[in-house]
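Here's the structure, in C-alpha cells; my notes come after.
The first chain written gets the first letter, and so on, giving A, B, C, D, E, F, G and H; residue counts start at 1 in each chain.
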Amino acid sequence: MSKIDTLDKKISDLLLEDGRMSCSQIAARIGDITERAVRYRIKRLIKNRIIAVRGNVNAVALGFVVCADVFIEVEPARLVDIANTLASYESISYLAYATGDTDISIQVYARNNSDVFDFVTEVIGQIPGVHKTHISYVPNKLKDDQVWPIPTSAITKT
Amino acid sequence: MSKIDTLDKKISDLLLEDGRMSCSQIAARIGDITERAVRYRIKRLIKNRIIAVRGNVNAVALGFVVCADVFIEVEPARLVDIANTLASYESISYLAYATGDTDISIQVYARNNSDVFDFVTEVIGQIPGVHKTHISYVPNKLKDDQVWPIPTSAITKT
Amino acid sequence: MSKIDTLDKKISDLLLEDGRMSCSQIAARIGDITERAVRYRIKRLIKNRIIAVRGNVNAVALGFVVCADVFIEVEPARLVDIANTLASYESISYLAYATGDTDISIQVYARNNSDVFDFVTEVIGQIPGVHKTHISYVPNKLKDDQVWPIPTSAITKT
Amino acid sequence: MSKIDTLDKKISDLLLEDGRMSCSQIAARIGDITERAVRYRIKRLIKNRIIAVRGNVNAVALGFVVCADVFIEVEPARLVDIANTLASYESISYLAYATGDTDISIQVYARNNSDVFDFVTEVIGQIPGVHKTHISYVPNKLKDDQVWPIPTSAITKT
Amino acid sequence: MSKIDTLDKKISDLLLEDGRMSCSQIAARIGDITERAVRYRIKRLIKNRIIAVRGNVNAVALGFVVCADVFIEVEPARLVDIANTLASYESISYLAYATGDTDISIQVYARNNSDVFDFVTEVIGQIPGVHKTHISYVPNKLKDDQVWPIPTSAITKT
Amino acid sequence: MSKIDTLDKKISDLLLEDGRMSCSQIAARIGDITERAVRYRIKRLIKNRIIAVRGNVNAVALGFVVCADVFIEVEPARLVDIANTLASYESISYLAYATGDTDISIQVYARNNSDVFDFVTEVIGQIPGVHKTHISYVPNKLKDDQVWPIPTSAITKT
Amino acid sequence: MSKIDTLDKKISDLLLEDGRMSCSQIAARIGDITERAVRYRIKRLIKNRIIAVRGNVNAVALGFVVCADVFIEVEPARLVDIANTLASYESISYLAYATGDTDISIQVYARNNSDVFDFVTEVIGQIPGVHKTHISYVPNKLKDDQVWPIPTSAITKT
Amino acid sequence: MSKIDTLDKKISDLLLEDGRMSCSQIAARIGDITERAVRYRIKRLIKNRIIAVRGNVNAVALGFVVCADVFIEVEPARLVDIANTLASYESISYLAYATGDTDISIQVYARNNSDVFDFVTEVIGQIPGVHKTHISYVPNKLKDDQVWPIPTSAITKT
C-alpha cells in the first residue's frame, strides 16, 4: 500500500474529470508543478494501481435504460462454479459474492423490464444449482464506482 | 440514443484497457483505420456519452480493503433528503434508491470492519429518519462497473 | 345468489369475446334459442350482477407498458383513510386490503420504471401513516380479471 | 401506440358504465357529436386495442365469495411450465410472474376458505417443481382492472 | 346450525365452570327453571354439538411446564401424510394446517426445553418431506380453547 | 406435581369421552374397580388440577366457521396492557405471548372472513401501541387442546 | 445444584480477575477468612462445577481480529451429524443448536474477512446437507462468557 | 501481535484443562522443559494477552439451566446507550453489536423460560428506543469461548 499526498489526489481528481487530459493541461490547472512531475506522478499512481484510466461505458446512452439488482441463492457446494458461469454474461456489469440472505449479487443492464425478466428466468434460472432469484429494479443511481474520487482520508498526513 | 458499430466497440475496448492510449496506437492495434478516424470516433463516443475516459480509483490499493453493502430503511417522507445527505460522504462509492425491502442501498469502502460499523452507527444511524441499517460485507467482486465493456448486443446491425 | 345454467355461461362467454355482439348474433352462434330469449337472459345476468358488459381499458395500448405491484405497510389506525386516499389516484388500477405482511396491496400502470418510482416515493410515501412501500414489477400477466369466464363449476346441476 | 383525445375518453367512460350502450345514446350523453362519429371512434378504440367491450364476470354474485392471493415459489428451471399448467385452472382469475420473493402470483375465487385450501394443497401443491405456496386472503377490493377508466394523463395534449 | 338463547349460554357457562354440576344445582343457580328443563337443554346443546362436556387435561399440573409452538415447512406433495403422522404423537396437543409462511403449525407440551428440542430434531425432523422446523416457546397463555365461553354474539335475537 | 398411574389415565380418558359419565358407568367400563374408588380418583385428579371437567364450546356449531390466527407486533413497553385489553374480547378464544417475530399471538372465531378482517382492523388495529397485525386463516385443525388426553409418558412408573 | 453464598461469589470473582491467585492472596483480599477455608471453598466450587479455572484464549491477541456469526440451515435429518462435523474445526469457538430460522449457529475467528468467507464457502458449504449459510460480522463484543461473574441472584438467601 | 510456538500452545492447552496446574506439573506433563521456562512462558502469554487464566462460571451448575439468545432492534440513534444499559445486567453473559437484521445480540441465563420472558419484556422492552425483541432458546451448546484452545494455525512456522 503506497502513500499518497494532496497532489496525487488533485491529479487523480482531474483525470476523473477527463482521463485524456494532457499532462501540461493538468500542470496548468494545478499550478506550481511541472508537466514532467505530473507525468511522473500519473505513472506512479497507475503503477501502484491507485488509479487506472479507462474508457467507462455508459449503459443508459447505449439504450440499456433499465438497471436491476438480481439476488441469487445457490446450492452452497456450487457457489464458485455458478459465479464463474455468470461472470461470462455481457449484460452483467457487477457481480459479487454476498454474505447474508443471498449468495451472489449481480447488477444487469437491459433495454426494458422484459429483457431483465427473460434473462433471469431463461438464463440464470436454468443454471443447475440456482435455487432462487430475486429481481429488484434500481430506479436511480446517485453515485457510482466509475466516478468515485480518492477520499481525502486516504491522504497520508505528513 | 446513438447507434454504434463494431469499430466503436473496438475503440471503446482498447480505451477500457488503457484510457490514455494515443489515437495512433489505437489505429495501429485495430489496423485498417486512420489515426484521424480514431480521433473522430472517440470524440463522438464521448460527445454521445457512450463512454467517458476517467481515472478510476482503486479502493483496495488505497488501503480500503473492506467493502460493505449497507441497506437502509428510512421514513418514506424523508427518502430524498436522506439520499442527498448520504451522497456527500466520501467513503460511499455507490448509492442508489431501491424498490424492495430496503429504501436506499449503498456501498462503502473502509480500512477495516470497525470503520464500517462506526460509520454506519455513528454517522448514518444518526441521520433523522433513518429507521434501520443492515450491513453486509462484500467478500469478493468478480465484476465491476469500472471495467464493463460495451456488450456486443449494443452494436446496431447494418 | 342466483342459479345459472349452461346457456347462461354460453351467452356470457360470447359477451366476453365481444360485449357488443347483438342478441341475434348470439342466438345464431348458440343455435336452438331465440333472440328474445337471449335478450331476456342477458338482462337477467346483468340484473343479478353475474356479468356487467363494460369497455375494459388496455393500459399497454395506452403506452403504460410498465405494471407494478406496490405493497404498503401503514399505521394500523389509519388503514381505511389511507386506502381511500389511494383509491383516488388514476394510475392505480387495483387496490385491495391484505391480511399478511402487507396492509394494502395495489397495482399501478406507468410509462416507465421512473414514473412508478416517482409515484411511490413522491405521492404514496408522503401520505401520513405510510410506514413502508415495496415495489415489485410485474413482468407478464398470463391471466386477468377482465377476461375471466364463468367457471363451469358455477353452473347449477339440474 | 395510438393517440387518444378527450372525446375518446368520454366514450370509453360511458362504455365502462354500460358496454352495451348504443351509439345514439352515447352521442346524446356526450352532445355535440353524431352517432356516426361515435361509431367510428368506438371502432377505432377497439381496433387500436385501447378498449375491449366485454362481459365481465362477477365472482361474488356467482357465490364465489372468497378471494385469495396465492404466492408460489417454484424450481427456477420449471417456471414457465408451471405457469402454463396453472393458467388452465378455471378458479384462477389472475396469474402473473413476479420478480421478488415469490415467482408466480395468482388470485383465486372460491365458495369458502376450505375450497381455497384444498385447491392449493391438492392441486397446486402436487404440481412437480412447486416448492412453496403462501395463501393470503383478500378481504376487500376497492379497485379492480375491470372498472379502470382511461387515466386523464393518457390523453394527448394538442 | 342451531339457534341458542340466553338460557343456553347460562347453562353452558355453568358447565364451563364445572362440567359435573348436577342439573338441579344448575337449575338452582339460574333460578326460574326446572331441573327437567335444564336436563333437556343440556341434552340438546350436546346433541347439536354446541358443547361437549369433557375432562380437559392440564399439562402443567402433569409436569409438562414447557409449551412450544413448532412451525413446520414441508414438501407440498406430502402435506397431508406428514400432518397425519404428526397427529399420532401424544406430546402434540394442537395441530393445524397453516396458510402463510408455514405449512403445519403444532403445539407441544414437554417437561423442559431439551425434550422439546429432542422431539423436534429426532422425531419431526426425521419425517421424510419435512424441510424446516421453527420452535417458538410460548411463555404464557392468557386464554385457551378449553375455557372459551359461548360469545354473547352467538345468541339469537328474538 | 402429583403422580398419576394407569388407572388415573383410564378415568381421565373416559371423562374426555364424556365428562358427565357417572362414576358407576366409569367403574363398569374399566372393570375391577369400585364406584367409590372412581369417585375418589376423580376428586383427586380435579383437586390436583390434573383434569377439569368442563363444557367445551364448539365454535363451528355456533356458526363461527372461520378460524384465524392473528400475529400482533406491539410497542415493547405496552405489551402487557395490550394483552390484557385483547383478553377481554369474546371472539378471541386463544391468547398467548410469543417469543419470536411476533409479540402476541391470538386465535379468533368468526362467521366469515370479513368479520375477522373488520375485528382486526377496526378493533385490534385501533389499540394504541399495536404496530402491525398479520392474519393467517386456519384451514383445518386436526388436534385441539379440548380433546388432548393424558400422554402415557405422564404415568409414573412403579 | 449446590447452594452458594456471598463468600463463594467473592472467591469466584477474585479468580475471575486472576485464576492463578494463590489462596493466601485471596484470603488477604477478602479478609476474615483463613487460607485453608479459601482452599476448601475453591475445591468445592470446582468439584460442584460452579467454576472451572482455565487458561482462556484471546483470539484478537493471536491475530484473529475478525469475529463472525455464521447461521446455518441444514437438512433436518442430518442436523446432529453436521453439528458434530463442524465441532471439529479449530476456527469455530462457539457452536450451538438454534430453534428459530436457523438450525446451527456458530462463531468463528479469522485473520480477515476473506478467511471467514473462504471457510464458510469452501468448508461449511461443502458439507452434505448444508442448505444455506448466512455470515454476519460481529463488530464488537461488550460482554463474553469468559468473563461472566456469578450473578448475585445465584446466592442463596439464608 | 506476538508470535507463539508449539510449546506455547502445549502450555496453554494444559492451563485450559486446569488453570491452577502448577508450573512443575506442567513441566512434567510436557517433558523436556524446566519449571522455570514454563513460568516464564506463562508470564509472557499472559502479558501479551494471548491467554488469561480465569475462574469461568458455569451457569447450569448454578441452576440457570435455560440459555436464550435475544436479538434486539433499536432506534439507530440510541444504539450505544442501549448497549451500555444492557451491559450492566448480571443475567446477560454475552453482548455484542450485530450488523444484520438485528442491532444488538445478547445471551442470557435464567432458571426457567418465564424468567427469560419476564426479563425481556419487563426490563429490556422498557428501555426507551428498544423497538423489537426476539427470543430464541439455545437448546444445547457444543462449543464455547470458555474452552476454546489456541488453534494450531496460530502457531508461527519457524
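Everything below uses one rule, namely that contacts are C-beta pairs under 8 Å (C-beta built on N, C-alpha and C of every residue); 3 or more make two chains touch, one makes a residue touch a chain.
Predicted model only: the values in this text are computed from it and were never measured.
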item: Chains contacting each of chain B and chain G, listed by label; value: A, H
item: Chain C to chain E, fewest steps along touching chains; value: 2
item: Same vs different contact residues, chain B with chain C, by half of numbers used; value: different
item: Superposing rotation of chain A relative to chain F, computed on C-alpha atoms, to nearest 5°; value: 180
item: Chain B-chain D separation of Cα centroids, rounded to whole Å; value: 41
item: Length of the line joining the C-alpha centres of chain C and chain F, rounded to whole Å; value: 42
item: Euclidean distance of C-alpha centroids - chain E vs chain F, Å; value: 4
item: Residues of chain B touching at least two other chains; value: 97, 99-100, 117, 134-137, 139-140
item: Pairs of chains in contact (touch as defined earlier), listed by label; value: A-B, A-C, A-D, A-G, B-C, B-G, B-H, C-D, C-F, D-E, D-F, E-F, E-G, E-H, F-H, G-H
item: Chain G-touching residues of chain B, taken from the complex the two chains share; value: 65-66, 112-114, 116-117, 135, 137, 139-140
item: In the complex, chain E residues that touch chain G; value: 117, 120-121, 124-126, 130-137
item: Chain C partner contacts - residues on chain D that touch it in the complex; value: 1-2, 4, 12, 14-20, 45, 48-59, 61-64, 69, 83-84, 87, 90-100, 105-107, 109, 134, 136-154
item: List of chain F residues in touch with chain H within their complex; value: 73, 76-77, 79-80, 97, 99-101
